[in-house]
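One chain, subunit A, links the two complexes that follow: it is found with subunit B in the first and with subunit C in the second.
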Partner chain A sequence: MSEPLAAAPKAELCELVAVVYAGDYVNKLSGQRIERECLTRMERGCRALVINFRDTELVNSIGVSILLGVIDEAERRGARVAFTNVSLHTLKLFELLGLTRLVLLADSDESALATLEEFSAQPNGH
Partner chain B sequence: MSDSTRMVLHAFAALADLGEEIAETSDFEEMVRSALHVVLGAMGIRRGAVAEFDRERGALHFVAARGYDDARALDLSPKSQPTANGNGGHAAQDFARVERELREKLSGVEVVTPLVVRGELVGVILLGGKASGEQFTQEEKELARALGRHVAVGMHNHRLLREVERRAEENRNLYESLKGSYKDTVRAFAAAIDCKDKYTQGHSERVGKYSEIIAREMGWKDDEVEAIAIGGYLHDVGKLVVDRDIINAPYRIDAKQSSELNRHPAAGYEILRPITHPFADIPLMARYHHERPDGRGYPEGLTEEQIPPGARIVSLADSFDAMTTDRPYRRRRTFEEVVADFRRNAGRQFSTNVVLALCRALLKEARGETRPRHMIRMLGKDYVEEQTLPALVQLIADLESGSAATV
Partner chain C sequence: MPVRTPRQRRILARVAPEQFVGRGEQLRELTALGSPRAEQRGVLLFASPQSGVSELLRQTFDELFRQRGGPAPVYFAFTRADAATTAAARRFLQTFLTQVVAHRRDDPALVSATPTLRTLLDLAAPQDYEWVERLIQDFERAQGEGDERALIRLCLGAPQQAAAHGARAVVMFDDLQAAEGLRGEVSLGPAVAQSAAQWGVPFVVAGPRRRLLDLLNGSLPLAALEGLRKIHLDRLKEADASALVEGLAQRLGVTLNDETRDLVVQQLEASPYLIAALLDAAHTKGKGLTGFREFLSLYVDELLGGRVGRRYAAVLEEVAAAPALRRALLRVLYEAATNPSSKSPAEVWMKRLGADVHEFDRVVRLLHMHELANFHATYVETTPSAPWRDFLRASYRLQVAAEPRALVVADTLVETLKRAPQTMARHYRRESALGLGRVMRAFNFQSVPVSLLRYDRWARTYRGLAREEARAGLATETDTLPLPQVVHAASCASFHPPMRQLCDEERCTVAHGFETGGYNAGGEVVWIAAEVESKLEAGRALAELWLDRLEQVSQACGFERARFWLVSREGFSADAAELLSERDAYGSCREQLEHLAALLSSEGEGAGEGGADEFAIELPMLEDTELIAAHTVEQIARRMEFQPEAINQIKTALVEACINAAEHSLSTERKIYNRFRVEDDKLVITVSSRGLAVPVTLPENGVADKNGGEGAKGRRGWGLKLIRTLMDDVEFERVDDGTRLRMTKYLRK
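The block that comes next holds the complex of A and B.
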């Protein structure tokens, strides 16, 4: 991905795992950017997505819905999603809304990548 | 902060998000898609759809859906006549039937929320599959209903807006149709005027067309050009009250007869004044089309600035047609003679800028620079000969260099 705006998500691409950075406020606009980025990566063969929330201070209802859509799409394609660097406030919200039951949570991209690479290296992701 | 407080705050924020999306999104489908996102995101729901209720057919139309891939193709047309009749108050009956059908035909529907405005069902929201895997709580169903009320108002307002747009389009079409009828009536009227004068068949129509061409050349707006064409058609309507023998005299009329004939501009004004025209100033074009910039015209002897712009144009168009058509007592003038007349009378009998516009338009047609060539067709294709064009070009140059008045 080319160098994005400060608040825009960015992704570091490797063959099977991609890291997408959420901005400081995940709403309709930034959520759609995350969604586009994730879909593009999955279409190119990514089987594991890491969404890094290190800059995220707020996720609104539309942002939550879009993240749920990304998780569902990944599920349909046999890919997995990890959330990393989630702040306590956002983590509580994700827990209450059930998102944490659908994704892998990790403190850092490295630990998420280690788990996901293991996952994506398995045939059919299993 | 407790979990319940956190959820209440998230719900409040969702309500605010929803209000913003409804108020700021002009595209109906985009607004509904965003509204669905808000509802799903407010409660962490994986599947949902928003459908619009068609009162006329009593059927549902899915506008946005996620996770209900079969919803869009679902035929929910009623088996019986719809209960809604457009008067409102049937929301409960409509909703009961729609909810029953939805639950029968779609799998995984956990909550169906009616979208009701003023007792009328405008649509439904379907929800199913919370991310937590838990059942919907009573509070969540209440929240869905609260959000649904806002979505319903948004959809209703969009529907009203579409209805207003449809009616506006109908009115536009009706207006165009009435304008067409008006123009046809005017043309028929113009033909009736010309019938009275056996020597000037088609004069009114030609004056209308010349006026239109001149006005367009002068940069008038489309509706103003339409108006002046009408003014041209009707400029001689006052001749209806003039004795036919005077109009058709095969000789130069005497002073008394001339005085009688000169009544026609004022008479035309009186005929046209009580009529509500779609364009302004048409009666004035009839009244003042024999006025001259030098103040020697009639009926009031107005000077250049006092003569309405439309009347100045109709005046030249009228004289130009008179010069270029045969009359009982003389043949039409040659084009060189017309150019000479324009040179002599620009600023005196005719407004200079109007003469300039007519000459420019005529030159463009003669050179084939504009199509269709209405003036050349009306004048006859051999009337403006190639060798006469330099005189026209020179006249334009002279008028441009000496022109100061504006219309």
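The block that comes next holds the complex of A and C.
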């Protein structure tokens, strides 16, 4: 079963970037939690989102569709999305469904944050 | 000292039990009626003409009689000699009491005696005396009152009366059709069937299948038929018919050789009645059956003046009692038989017979019942049975054309002798036919390696390999061809009669079916398959000729979507294979067909019942239950030593399949059935659910397109695409209700 999501402590360190942890199974329910968390963060002014998949074993197509919704919304608001710690299998799945073209992929939150902080420092509307 | 099995004594049977062949299954089923645990209480026995139904019933009688302590067997055959319904009913009562008393006294000799009712009363066992006496008294009173209905009701009610007093019986009625021509107010056929159904006593009603079907479809109330077992008695299988010929020849001391035995079976169409009649005639006349000439000479004698001829003549007399009508009937039957299509409009028959509507209707219905002609409301067709047509031809020449008997006998013998090699050749061709219809009936939405239907691919990859090597290679082929489900297959000639001139019926088959995706117009397809005769690889010209023929059949029959499949024992030359490819037709050699047949039957078995290496789980359609399936399949895949990446792919595919089932089926039972079949080289997973069929082609968005503008809806529908990508073979199997998805992952270590 999917674990409860928690906003990453690092999100508190930087108001402009939030790290959201996906659970072990990204399905409709856990996908909606990710979505809610990301929307909340964006509403509070986050300009970049890091979704960490370190615990994720399985992602289903409903979960992917919700992630796509998050990406769409982020783009509409001028925010960027990064995926980190994605397992090889999940990565292939994302590639197959074209998600990897739409997000920044990083091995760790640190490298994602470094890239995204750079982005978030730029004026809105870039 | 060797142990000798005592020969079982025959009572009504005319053949020793050990020589009664080919009907073991039916005999067991009928004798089981005598068991107190029998689930069936009534049997309708639909007999094809001359299929030996009476002997089957007599054998059943003997078998039940020998089983002491069980119910008494009663065999009663209707006959037109009774003339009136009351006489038939009276004879039934007498037969019933005689056979019950004989059984209760264990006195088989009494069965063939004809004691009076009062004598039977004297012979009745003490515990039966009272009910037998009352039955006889009631009968005598009813007879005196002259009330036909009451008398018939009383006689037909005897088994019920006996059962009420502890004398159980199994009652078998034979020749039900003969009950219907009897004089009287009561229509005895339906009355017998209806009474028997109400007795609560085990019974069998036997008669010509077409007449029983008429009864079932109209004359009898449906309630009377509920729960009745229906057994169809067709002609013998050829192997059984051969055994019958040999057994009878041995018993009757008729010399026989193998070639003549086979011709006897073919010429007499494996009919137990005709075979017994011929062998009996050979015995009586002291003739051997050691050559075609000897047999056919005897056959012609039997046809023109023996038991076989008399039997046909008796039926014609029953159908048309008046000589003028019979002569007219012989003429129209003969003319219809010599007409290439064998069919004549009903109006022409009526006019030629000089009969009014009622008389015509009676005549054709009787012919139809005896299967001497087929009556299809607007036309009449003479049955294509060789003995019947031989009889018809000879009788026409003798009785209508008034030709000299010697000439007719000589011509008939010469003709049948000339036909004998053709009869045998046809038999051999039929036996050696590859059975395309049978193979196509087994398609059943299965997928098979493309190489089995594309000869060029087969030749490139498998030609020259040992059978096992080819089988192993085919098992690893991932390029598969989904086959349709065939719902009806019949010879091409039955759709397009001119094909009869071009090939044997068994060698060209038309199969109607549906491709995966459900029973809808879009999925309808007709496969037309033909065996091409060629000793070597079939060349381009031959392949072209056959494809043109099949194309003509398709056009003549108005098939909208047809697939052509040619099978040539040795395959096809390179240019013929190229032609097949150009015309999008399939081509196989005999070896491909054999692999295909083996594969279809093994897959069919596997998909049906599940072997020892099959796991099954049933999931409720609840949140996240697909994870339980995923974890289960993970354990199975690990045991099979799939690589971790492959295990993840299988899990994801299974999760998607379960989600599809839950989302699309609208199932009211809310369950998903998963089966995991472990094979040497693959894991086969089926996911099924009841409810709406999941569309085979769900909207597929390909890859994510954030500019698609379709919102969340545009982002869904990837499940099937994922499944197809992650698994090696994916197909929807047709099920009557809901959906069954089969996914296969091959093991690559």
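The definition used in the following text is that the second predicted complex is superposed on the first by the 111 of 126 C-alpha atoms of A that agree within 3 Å, B and C clash if a C-alpha of one lies under 4 Å from a C-alpha of the other, contacts with A are read in each partner's own complex, and residues count from 1 in each chain.
Here, a residue touches a chain if its C-beta (ideal position, glycine included) is under 8 Å from a C-beta of that chain, and two chains touch if they have at least 3 such contacts.
Predicted, not measured: the structure shown is a model, and the values here were computed from it.
Engineer: Should subunit B and subunit C be called a clash or a fit once both complexes are overlaid on subunit A?
Structural biologist: With subunit A aligned, subunit B runs into subunit C, so clash.
Engineer: Touching A:Val64 in the superposition: subunit B (first), subunit C (second), both, neither?
Structural biologist: both
Engineer: Applying the document's definition of touch, where does A:Leu29 land relative to subunit B and subunit C: first, second, both, or neither?
Structural biologist: A:Leu29: touches subunit C, not subunit B.
Engineer: For A:Leu88, is the partner it touches subunit B (first), subunit C (second), both, or none of the two (neither)?
Structural biologist: After superposing on A, A:Leu88 lies in contact with subunit C but is clear of subunit B.
Engineer: Could you say whether A:Leu16 touches subunit B, subunit C, both of them, or neither, answering first, second, both or neither?
Structural biologist: neither
Engineer: Tell me which of subunit B and subunit C touches more residues of subunit A.
Structural biologist: C
Engineer: According to the stated criteria, A:Leu99 is in contact with first (subunit B), second (subunit C), both, or neither; which is it?
Structural biologist: The answer is both, since A:Leu99 touches subunit B and subunit C.
Engineer: Quick one: which of 152-160, 242-250 or 692-700 on subunit C sits on top of subunit B after the fit?
Structural biologist: It is 692-700.
Engineer: Common interface residues of subunit A with subunit B and subunit C?
Structural biologist: Common to the two interfaces on subunit A: residues 27, 60-62, 64-65, 68-69, 72, 93, 96-99, 101-102.
Engineer: Provide the residue numbers of subunit B that touch subunit A in the complex, in ascending order.
Structural biologist: 1, 3, 6-7, 10, 13-14, 17-18, 21, 34, 36-46, 66-67, 130-134
Engineer: In the complex formed with subunit B, which residues of subunit A make contact?
Structural biologist: These residues of subunit A touch subunit B: 27-28, 60-66, 68-69, 72, 92-93, 96-99, 101-102.
Engineer: Residues of subunit C touching subunit A in their complex?
Structural biologist: 623-624, 626-627, 630, 645, 648-649, 651-652, 655-656, 659, 702-706, 712, 715-716, 718-719, 722, 725
Engineer: Would you pull the subunit A residues touching subunit C in the complex into a rising list?
Structural biologist: 1-2, 25, 27, 29, 58-62, 64-65, 68-69, 71-72, 75, 88-89, 93, 96-99, 101-102
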